[in-house]
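Common to both upcoming complexes is chain A, partnered first by chain B, then by chain C.
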Partner chain A sequence: MSERDSRRSGSPEPVRTRLEALSQWQYDLVLIASVVLVTYTGFALIGLLGGVGINSIVGFLRTVTFYAAVYALVVLALNLHWGYTGLFNIGVAGFMAVGVYTMAFITASPDSTPAGLGLPIPIGIIGGMVAAGLVGLVAALPALRVRADYFAIVTLGLSEIIRLALLSGSLRTIEVGDRVYGTGGGSGIQYPPVDTIIPWLLDQPIISVIGDVLFEVGATVGIQRSVILGGLYTLVLLVFVGLFYLLLSRIGNSPYGRILKAIREDELAAKSLGKDTDRAKVTAFVVGCSLMGLAGMLWMGSRSFVSPDSFMPIIPFYIFVALIVGGAGSNTGSIIGGFAFAAFLWEGPRFVRSILNANLNLRSPPTIYDAFVELAAGDLTPLVGYLVGSLDELRFVLVGVVLILLMLWRPDGLLGHRKEIAAATDLSRRRPTTDRPTASDGGETDE
Partner chain B sequence: MSTGTERGRFANVSLQDIIGWVLLAVIGLLILDLLRQVIVGDLPLGRLWAFTWNGIVDSLYIGLAAIGLSMTYSILRFANFSHGDLITTGAFTGWTAAYLVGGIGIAELSSRLLLRADGGAQPGDVGMDVVSAPLAIVLGLIVAAVLTILVALAIDRLVYRKLRDASGIALLIASVGVALALRYIIALFYTTDTRGVVASSPQWEMPAFFPMETINLHEATLVISALSLIIGVHLLLQYTKLGKSMRAMSDNKDLALITGIPTERVIFATWVIGAGLAGVAGYLIVLDRGQVTINLGWFLLLLIFAAVILGGIGSIYGALAGSLVIGLTINLSLVWIPADLNEIAAFTLMILVLIFRPDGLFKGVKTA
Partner chain C sequence: MSDTDSGPASAERETDSSAIETSSEPTTEPGHRSLDDPILEVTDVLKRFGGITAVDGATFAIERGSITGLIGPNGAGKSTTFNCITGVYEPDEGSVVFDGIDITGRAPNQVATAGLVRTFQIAREFPEMTVLENMMLAPKNQLGESLWQSVAPGTRSAVVREEEHFRERAWEVLEFFEIDHLAEKYAGTLSGGQRKLLELARALLTEPELLLLDEPMAGVNPSLEKKLLEHIHELQDQGYTFLLVEHDMDVIMNHTEHVVVMHQGSVLAEGKPESVKTNEDVIEAYLGGEV
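Coming up: the complex of A and B.
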């Protein structure tokens, strides 16, 4: 009891009781929404104080939302692999590449080089998901045969094989009949961007009215048309995040999901109970890969071409940072992790840089040596200017340091201490006094 | 139920066997084809020798790095993803020292300190080759080893020591964080530009009985340094008490603890040897290739992992054998495939061997 009391004492009693009355998903929704709102208000305030125009602030918030959404998508898919099943897949980029390239091949115009099939975008998306899933299946057969630490390196090897093959000059052009197909090598494939679906939607009879209203409102407040179009595409992404969340929560709470969690905790025990763990692992791997393919296609959605440079082997580690920030094994945590990564580690520093550049008259010396020379002469601004100028590097340092600190202090992430109930009925609710502290951590937040 | 599992197990074994036989058959066919090409004259002997020589050079620097990776794997029990960036650390620190000494009076201090980050002082003007500046090059080699060791020990003190009891995967994730932070701290100082820092290598004419006419002195330096270090590590592990403790600890950590082996001292030695070799490897790679970039170690890391896994993680001789296989694969495969597919051949070989022999060619240590 005392433990419970001490945990409760943090927040006002009425709010706490009302929150506890909510069911799990409502509580999660409130949690995500409040984190997002607090962050946005913070950024907007900083922006307004820093003298940034409303168009830039809205544009920035849209960018953050976009990256938060795409990261959340990939992180949710990875959560099925690592969080639920315990498969340490660091070849995420490879499966994304397969999805995006397949879609590019299906949707690209037959007249361009390299040529595509010229089919509509939805067919391309389905094709991409199927292809990513199939490659996942092919990959799973050897990968699942080896032990956990080799598995990681095999998946990374596979993703590099895929990237290098796409980059290679020998697959750049393949002539079939009078058309030239192929991967395009380093310059990639041109294809219609996925987000062209938004203007198409706005041309439809009823939706066009909504579009006109939005553009009018935007024009009066001072938000450009392109920002609104981008915002609508981001909205589509958010819908996909919701769908992913529902699907993965459904999987996680199903009997099949319990097998996955059992594999994560102790595969031998699960096997001893007669569960076909190999089959469960392969299925989870294929479903996850297919979702990664979809996430990749949506991620590259506003680009009109795809090239191997988008799938460098470092990408999976960003996804892992986001997953670990949120807490592996928790879908809500995955979304918050994706958001936190996009807002604070990825886009936040750039926002701060633009404010600094606008307000301070910083000049960046050519090398850090010059900065130190001027520092020795008593002038601090060149060093600050240099650091602001090399913000891209500093951002990676920040990501690395956050990852280290998380592993040192909070290896379970922000929400990783939550235990999802494995049984179909929550047995712990019946005996609140004895089991509560361990089993029903579900609704508590210590943050 | 039991029949089902029996059937499953037999299916496993047979699939592995099939893949193993197919792999052996393919390798056999390739060797026969190689002989045919040489006999028919499609492949001049000189070219075959060049491929083999490049394969040996590659396998030596991969091997230097692989020893360290394999040691941290077996003694600290995790896949160290920051090992590649220790290689990068060695490359930058070592060449900075070489420039500081070798470039006195020729280049400005800023260009020497930051390895031409400002684009000044061409390597040829500074005379950065083993004949013009032998002292600077040797000093750089030593500094590369020492500073990389210090960096690795500092990282161990700050990060890995606090995670001694954590799982292998937790350590792996932390090591990714270390890798990113280390690489981009280097980038903060040296910038992300790829640049040449070594002058073109002097060539020596060889006596007639050698298979090649001239020898690249930088490659020769690499081969001699790497071979002597590998022999040194072998002697250290086989004939000293420290080596015995290290082998005992990689074999069975708990048993080593019970027998009173000072684990922290062994771990210290592991970092000293592993990081020192990685730093030297980085320095020598730059000597051979002439260019330095912050992604040097990171791009090599997967090949090094492939070598370590092929040999079976935890076995240093296995890691060396694996390096030889990887080095020869990425070069000899050029007989049949274009140059931009050779790493694919190496990674495919790694995956196929893992199916055929899940513990590597030599038996490895289980970590995660």
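Coming up: the complex of A and C.
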């Protein structure tokens, strides 16, 4: 594609031609893989130079991968709403909560309080997706009548209603017969964690061999069993990222995806061409919500209880930041945005802090004022110490700075400027019967 | 539907409007019932916004295969009538019958699916979609418009095959309008005139029977205007019917066969362009009675 060679013009000739020969999705795979690889090598080098053991480096990379995968999942789902259809859904957390709570209710043991149905995890996951989709349907039907900004308020309101309802005392316990059901209020519901599916899988015949080999190798290199189990669960998440990507790309590159895009651009014009935009909007919203529910369940994978505190209204804000960083409207951008958010804005700073704390004897002054007073006296370390010490709060500043810089230099996000044509076929290609050469006007596209 | 209960009122208004027409002799056929083969019949359409009656019993009909002009001073209710026909507004009273089917109060997409497609006064392209994507949206009842057909592994190949067919058609129409060199540009980067062409081209891909063009010549340079008119005539020869809202009197006088003049929400006069031109009521409405 024309845009690719303009971007790749710096690379050596053979690499360039080989990249050009790839189709869009192959190119994207290479892109994602190289971004991830470069980042991980960077982190690993920092870790090794900082004297961190291999077990903690691998553990850290697993955490990054885990959150990157979780973010990628939710961002991909949100991209269907916001990037494609222009549905400003800021109630993401609510739909995730519905998914997780439904699964918790289905899988929780009937003997615990609050009681569940005690059904297997896969049934719980399917139930959670259906429930999140249904709540999405309930939200979408009245919300179709309101304009985009009011739609945002409706979704945020719904999400808060869900959270407060889960928190409320009146739904805390509901006695049915001799069992006590309910939301558990602030203390939530206990249920078997989703990632217990990994040890279960490793107990199966044949697969258990793989497990034994992995643990063996881990033991020799110095990686603990729990890190390996966590890594395998993260691998499951990555498989889901792939599945989400496939599904959403297929949705996007189709006549249906074209309608969604047209709704984002100009709904009345789409209607005037005979498109049933209401139906398209509702189905897109329901599918997106159900995927958000699934992402929520996978996110909570290693936890054995769910409480309303996990679904604060700040969550959609993070998801939107990741989507904007990656570029709204691009599925590949969504994955890269989720990864960049998790790696650089969320987990990366913590890693750097732990290394700094381990190597330097940093003293953190109580306020930034004190730090500057000592800086004026010529001592830099108190300022560094202060910055490292208040890193958790400063991350939000970092997010803000990144957003501002992005708006200045790349207002469309990292990949939002790409032309991703909503079609099942290559539209520029015509049948050879016509005398016209395929239309490609060279580097007219972008940059 | 509201067309049944407005029976007596409609008769009343018809005599009303024919009274105007007979008093100002030049206009021809009174009412629309004399048309041989009307494709669109608008009867006593009334639309109020709060206390304002924007369209006050508009009645007219369009002959199949013709180019009809809808004119009138600003605020005459042309655009509101347009919106009532195409389903953007639901008329408070009256009926709209298209091709023998009552489409009063149907949603815009249902009206368009019935074969009555409009363009807008200010072109409404999809700016961040390429010209080709804009075009490919248009074909009616595409298999892949259903989410499941597009996603499910078994049905996807049929969607792809159908899209290849529509793609061919889209290129043909782009070539017809001589904008195929813009096919891969974002529609938002096109000039105003090119957007008008794109909108018309896009509307054609829906395979409509009647095209309602809202000021197709506004903001279009003279050479492009000439081209656009040629296209419209060519399409008329192919069997399409047109209703134009237009302010440019030259266009109306030289390129339409029938003119409907609206004034203060109702039809003031109807007839051939020449006869409308000399109608005193029309002159008065346009020029405030000074000529």
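We adopt the following convention: the second predicted complex is superposed on the first by the 392 of 447 C-alpha atoms of A that agree within 3 Å, B and C clash if a C-alpha of one lies under 4 Å from a C-alpha of the other, contacts with A are read in each partner's own complex, and residues count from 1 in each chain.
What we mean here is this: a residue touches a chain if its C-beta (ideal position, glycine included) is under 8 Å from a C-beta of that chain, and two chains touch if they have at least 3 such contacts.
Computed from a predicted structure; not experimentally measured.
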Which of the two partners, first being chain B and second being chain C, lies in contact with A:L268: first, second, both, or neither? second
Which holds for A:V98: it touches chain B only (first), chain C only (second), both, or neither? neither
First (chain B), second (chain C), both or neither: which does A:T283 touch? second
Touched partner set for A:S170, first chain B, second chain C, both or neither: first
Is A:I259 touching anything from chain B or chain C once the two structures are fitted on A? First, second, both or neither. second
With both complexes overlaid on chain A, does A:I251 touch chain B (first), chain C (second), both or neither? second
Chain A contact set shared between chain B and chain C covers 274
Counting only contacts in the complex, chain C reaches chain A at residues 86, 88, 107-110, 112-113, 117-118, 120, 124-130, 132-133, 136-138, 140, 142-147, 149-151, 156, 159-160, 163-164, 167-168, 170-171, 175, 180-181, 183-186, 202-203, 206
The chain A residues in contact with chain C across the complex are 247, 250-251, 254-259, 261-262, 264-266, 268-277, 280, 283-284, 287, 419, 421-425, 427-431, 434, 436, 439-441, 444-445
In their shared complex, at which residues does chain B touch chain A? 1, 8, 12, 79, 109-110, 113-114, 117-118, 159, 162-163, 166, 168-174, 176-185, 187-189, 191-192, 298, 302, 305-306, 309, 313, 337-338, 340-341, 343-344, 347-348, 350-352, 354-355, 358, 366-368
Touching residues of chain A toward chain B in the complex: what are they? 88, 142, 145-150, 152-154, 156-158, 160-161, 164-165, 167-170, 274, 278, 313-314, 317, 320-321, 324, 366-370, 373, 387, 390, 393-394, 396-397, 399-404, 406-408, 411
